[in-house]
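For reference, the structures are reproduced in the following blocks.
The two complexes that follow have subunit A in common; it is paired with subunit B in the first and with subunit C in the second.
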Partner chain A sequence: MMNILKKFVDKVFRDLFKKKKHIRLGLYGPPNGGKTTLANRICQDWLGEDMGSVSPIAHETREIYVKEEINIKSGRKELSFNLVDTPGIATKIDYENFVKKGLSVKEAKKRAREATKGVIDAIKWLDDMDTVIVVIDATKDPMSQVNITIIGNLQARKTPVLIVANKTDLKKADVKKIQAAFPQYSVVGISARYGNNMDNFYEALFAIAG
Partner chain B sequence: MPHQCVRCNTFYEDGAAEILKGCPCGGKLFFFIKKEKLEKAKEVTVNLTPKEKQQIEFDVLDIIGEEAADDQPVVLDMEAIRILKPGKYELDLVHLFKKDPLVYKVGEGKYLIDIIRSFSPSKKL
Partner chain C sequence: MLTIQFVPYHEIEGLSQAKKIRKLLDIVKENKIVILEGRLKMPEEAELIKETMEAIDERFKGIETSVISSDAKNLPFMSKMRGKLVDMLLGEKHGISVIGPATIVKEIKKDPNKIQLLLSEGGQKKRRQKK
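The block that comes next holds the complex of A and B.
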């Protein structure tokens, strides 16, 4: 009985003096959707530094990168998170695509191997995410196997999801198409590259994770 | 369910001694293939050169991590990752997301562990 009482008192005190919320926030999506560009944008906005390197060749990010203790504010709300940038998730990885982009055969095969490992790691790390941002290239058809599998899986895990329709600076971008494809989710259109609509992005993030 | 030695293409049934000890050719990496996909798998592996096979062995061991670096035989589930040639991979996301074991390590007379769990990166989140 004393134990139960002690636990109750502990919980009340913990809740009373609870620090601001701290979560693990994962960036997921297909390759070249702009996950690292968004990670860099968030880090630039709040820490004044980049997080990782970006490249027009797919699968530039082949390892998990974690930036710890990012604190963001919107009005009176504060959110603290560890930002986890993950390799792009793909169903097919073919070194010949990298050769076409100018890599040597040896480099391309190595990249393919590392990218495959990266996909497996990214999926493994999903268990540790409190909230996930799915970054989708808004110029592409959103109904891809990768998008549907990731989002469906997150739904099954009951992980809060924010969908980012990235690359709205490009003419072909169609945010409405992405909203129509995933009507049960918040979708925010941004250009991570140019920082367009980031205020709405942070608001949406607070709504999901705050 | 058939297991194929990546090095010499020989097929072995479940529980065969060769899978547990390693293939007589010296190969320690096996592909686990569903019966209905056997014909397709045969076509793929027959067309590989010895050099490509060696590369695939190296790649698989690299992908599955250091845990597999000891001398025990390893079985890669081809349902989850299909390696067509070095540098050409097909991933079954549904399979991977289901957290089914990707690779089985073999030893002491039985399939042992789910490596995907045991080689999780150190998570300092």
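The block that comes next holds the complex of A and C.
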């Protein structure tokens, strides 16, 4: 009886004074899915500032960016994390696509060179993540080999994953298609650009990482 | 001319991860499409992407890749069980992987019954089907 009482008192005190959970939260996905837009949305919501620059030209993020000590709250729940924005993972990078978007050949080649290095870094960082948000463009086919490889590697590492179906403000967005493609994961449809459904996003984040 | 090279599972089975990836990439860099019996393990798929990125230059623009296997979630219970048994016995040998140079393969569409390749040849789109 005394033992049970002691365990109860220990638990109450542990819960009262426990440190809030601190994790490394990674944003992964193919290029132009909206990872940095989501990173900026999270930083704007909780820090009042942006994290990185966004562009309609793919591979705008070519380095790993880390925003430290973001604290989010929902009711009595609290989560503290370092947010890691990673370059989009791709299996092909053609500098000529950047030229078509208006970059000079020199700029395009430099961007392609940096982008390949960024992909390698993003894959290397997979081992260092506690929880990962996979950001998928909801207007595109979710069953790309890049998505399957990212999610499969996270599953092999037993890393908790939340899938974000981004760009729901666009007519072609199909969240159900992404849910059907990855039925074993939580999928939240949002528009990071306009901040639609962010409350549900934070709830889902607490559910997997909190 | 387009060349498709079939790589049976036993040809890569005994190789280390690095040698396996190198062998597949070397074939793709010769502008050939690899039809691999079975699939790579998840860490090997990630390594393939990393090695591809290392290899990209002005001539080689990367790869297109896809794994084709029967869609287990739509199958009846007994078929699922049979699939699990096949997985257990054959391991990574189950299914087919297609890896091709990005400049040649425009799109590899998944279908359990056929491989549909949309090829870009001389600026003109040409569709071929291999059943």
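As a convention for this text, the second predicted complex is superposed on the first by the 193 of 210 C-alpha atoms of A that agree within 3 Å, B and C clash if a C-alpha of one lies under 4 Å from a C-alpha of the other, contacts with A are read in each partner's own complex, and residues count from 1 in each chain.
Convention: contacts are C-beta pairs under 8 Å (C-beta built on N, C-alpha and C of every residue); 3 or more make two chains touch, one makes a residue touch a chain.
Since this is a predicted model, take the numbers as computed values, not measurements.
Model built by superposing both complexes on subunit A: subunit B and subunit C clash. Of the two partner chains, subunit B and subunit C are each touched by A:149.
In the superposition on chain A, A:112 makes contact with both subunit B and subunit C.
Contacts of A:90 after superposition: both subunit B and subunit C are touched.
When the two complexes are overlaid on their common chain A, residue A:183 makes contact with subunit C while staying clear of subunit B. Contacts of A:120 after superposition on the shared chain: both subunit B and subunit C are touched. Judged by the touch definition given at the top, the superposed model places A:80 against neither subunit B nor subunit C. Of the two partners subunit B and subunit C, it is B that touches the larger number of subunit A residues. Contacts of A:66 after superposition on the shared chain: subunit B is touched, whereas subunit C is not. Subunit A residues in contact with subunit B (one complex) as well as with subunit C (other complex) are 89-95, 109, 112, 116-117, 119-120, 123-124, 126, 145-146, 149, 153. For subunit B in complex with subunit A, the touching residues are 55, 59, 62-63, 81, 86-94, 96-97, 102, 116, 120-121, 123-125.
Contact residues on subunit A toward subunit B in their complex (touch as defined above): 24, 64, 66, 68, 82, 84, 89-96, 105, 108-109, 112-113, 116-117, 119-121, 123-126, 128, 145-146, 149-150, 153.
For subunit C in complex with subunit A, the touching residues are 42-43, 45-46, 49-50, 52-54, 56, 58, 61-67, 73, 102-103, 110. Chain contact summary for the complex, subunit A toward subunit C: residues 89-95, 109, 112, 116-117, 119-120, 123-124, 126, 143, 145-146, 148-149, 152-153, 155-156, 183.
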